[in-house]
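Two complexes, one shared chain (chain A), two partners (chain B, chain C).
On to the complex of A and B.
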């Protein structure tokens, strides 16, 4: 039997997008605020969000970032990179260009002291194989994010899994995102739509469609997902949603995935990092839309001892809750869930550094 | 991401010789290459400004709106502003209130939904701004 895992508590700065986007914090102030509120020790950031000029990062920033880590005691867990295959308007990037696009993002992760780089689904198994020597050169692990509407059993994910098994490298893996496993449409989104004046029939219809898709199970083909997308678009247009129809379809079919929690078991041995995606925490301290308890049961039970970044995506529509408070509440839920499994969540920086693969007292 | 309220801020409007400039924030959670900007539309005091009359400034460089699609090597950082320069016969006086509406259309380069089809984001923000 696998020994229970001890996941490392952490957060991604993505949770605080509104505060940063609104220039209420500089990057350094935001990192210090995370540390002051005890939302670490794990720290994840999105390169293209937090770092000006990314991935072309000047040595001065590297020095300042490393000092900031020393000062705050936070532990770099994951640098989220982007695979912008649609960068150009005239054509998609070729595989060569996309691999080259990822190289500097991986290199800068190493410079900043991150042990893991999150990469995205635009990358094929061949691309990942070609990036393996880059990961080896820089001593970082690459985790391809399994994000709704993809899910562990999706053919593209299965093709990656097959390649990983063939290559057998500890430097290639996945970053599971809990947003692929919702159990309900977040109530805060429905509240926002209601306040924006959309009629109840539209809100009921959206929820009904989501439940029908949920009963079908996570989409196995792109045409299936496309059909769902059009269903939401048509419903929204019938109710006069206009320009908002696309956003509704993206939210309902793109963010709120349908994979049963148990589907993750197959890929968890390949998890190098986790996005603890969530939308809301209720008065009882539970997450009504993401089955956090069930997911933590599985993560701990499978022996996962990497980082879980609390990733609050409610900010897309929720401009009333304090993002720092809501992250703290999800972290409390994760800690309680681990304790209920006879395990614990790691909050000690030294233990965290060891578990995420950083050597004591220095970065990789 | 519901981004309509994120484009304009209360200090967005500045006076320029021959017109005014409106400072925009990128209506997305991360920095994007300028090639992600499909369109920008500006309406001042109820009057839509022809697209060809707009000039877009980022750092030291100036573009027509139609040229943005070609700028796949220039990054719009999320804490930086794009200045959209609008010619006016009578530039606003300092402290004058101006009704400004801006619509920004984005194409998200990492969210492909079909061959050469990407998720878009449309943000419209209207505010009464005080010219500085």
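On to the complex of A and C.
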């Protein structure tokens, strides 16, 4: 039997997008606030969000970031990179171009002290194989994010898994995102649409479509997902919400995934980091839309001792909750869920560093 | 976050040109090639698309020149400054400004192609008029 895992608590600065975008906190102030409120020790950031000029990062920034980490005692866990295959308007990037596009992002992760680089679904198994020597050169792990509308049983994820098993390198893996496993449409989104004056028939229709898709199960093909996307768009247009049709379709079919929690078991041995995606915490301290308890049961039960970055994505519509408070509440839920499994979540920086910190030399 | 697109108090006129600062309704830097379209109205009158320039990092571009610039970036904290031909405005202290931004999201592709979002903001604000002269 696998010994219970001890996941490392952490957060991604993405959770605080609204505060950062609104210029209420600078990057440095956000990092200090995370430390002050005990939302670490794990710290994740999105390169293209937190660092102007990324991935061309000047040495001065590297020095300032490293001293900020020393000052706060936080532990860098994951640098989220982007695979911008749709960078150009005239055509998609070729595989060669996309692989080259990732190289500097991987290199800068190491310079900043991140042990894991989150990469994205546009990368094929061949691309990942070609990036393995880059990961080896810099001593970092690459985790391809499994994000809704993809999911563990999606053919593209299965093809990656097969390649990982063939290559057998500890430097290639996945970053599961809990947003692939919702159990309900977040109530805060429906509240926001209601306040914006959209009629109840539209809101009922949105929930109904989501439940129909849920009954179908997570999409196995791109045309299936495309059909869902168009269904939501058409529904919005029928109810006079044409100006928000794309946003509604992105939310309903792109953010709120349908994978049963148990589907993750197959890929968890390859998880190098986790996005603890959530939308809302209710008065009882539970997450009504993401089955956090069930997911933590599985993560702990599978022996996962990597970082879980709390990732609050409610900010897209929720401008009333304090993002720091809501992250603290999800972290309390995760800790309680681990304790209920006879395990615990690591909050001590030294312990966290031993489990997930970047090691000097090769990171394996 | 469409409500953050128009920066309050930034509507300004100089001679026959009008300016406005806008923010990105997205969370991370995007290449200028992601800016698919801009629709800008003041008091219900369209600022002519062909007259609009887009300025970030001190460099100005015509809208039709943006799609080719995947080598330049719009950082998430930076305002983009729009400038265009001033349409005929109502004679009042406060003006209704609306901006619709269409953006390609370069890492999200679906069965329908690269995701293109469209976000709209509208705000009411005074117009600051400055003496006609050489643009700064």
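By our rule, the second predicted complex is superposed on the first by the 357 of 364 C-alpha atoms of A that agree within 3 Å, B and C clash if a C-alpha of one lies under 4 Å from a C-alpha of the other, contacts with A are read in each partner's own complex, and residues count from 1 in each chain.
To be clear about the criterion, a contact is a pair of C-beta atoms (placed from the backbone, for glycine too) under 8 Å apart; a residue touches a chain by one contact, two chains touch by 3 or more.
Because the structure is a prediction, the values reported are computed rather than measured.
In the three-chain model built by superposing on chain A, chain B clashes with chain C. When both complexes are overlaid on chain A, the residue A:70 reaches neither chain B nor chain C.
In the superposition on chain A, contact is made by A:122 with both chain B and chain C. In the superposed model, A:23 lies in contact with both chain B and chain C.
Contacts of A:86 after superposition on the shared chain: both chain B and chain C are touched. By the touch criterion defined above, A:192 lies against chain B but remains apart from chain C after alignment on the C-alpha atoms of chain A. Shared contact residues on chain A (touching chain B in one structure, chain C in the other): 14, 17-18, 20-23, 46, 48-49, 52-54, 82-89, 92, 120, 122, 222, 226, 229, 243, 246-247, 250, 254, 315-316.
Residue ranges on chain C touching chain A, taken from their complex, read 1, 4, 23-24, 27-29, 31, 33, 67-68, 70, 73, 75-78, 104-120. Within the complex, the chain B residues that touch chain A are 1-2, 5-6, 9, 25, 29-33, 35, 69-70, 72, 75, 77-80, 107-116, 118-122, 124. Interface residues of chain A facing chain B in the complex, by the touch rule stated above, are 14, 17-18, 20-23, 46, 48-49, 52-54, 82-89, 91-92, 120, 122, 192, 222, 226, 229, 243, 246-247, 250, 254, 315-317, 319.
Every residue of chain A that touches chain C in the complex is listed here, in rising order: 14, 17-18, 20-23, 46, 48-49, 52-54, 82-90, 92, 120, 122, 222-223, 225-226, 229-230, 243, 246-247, 250, 254, 315-316.
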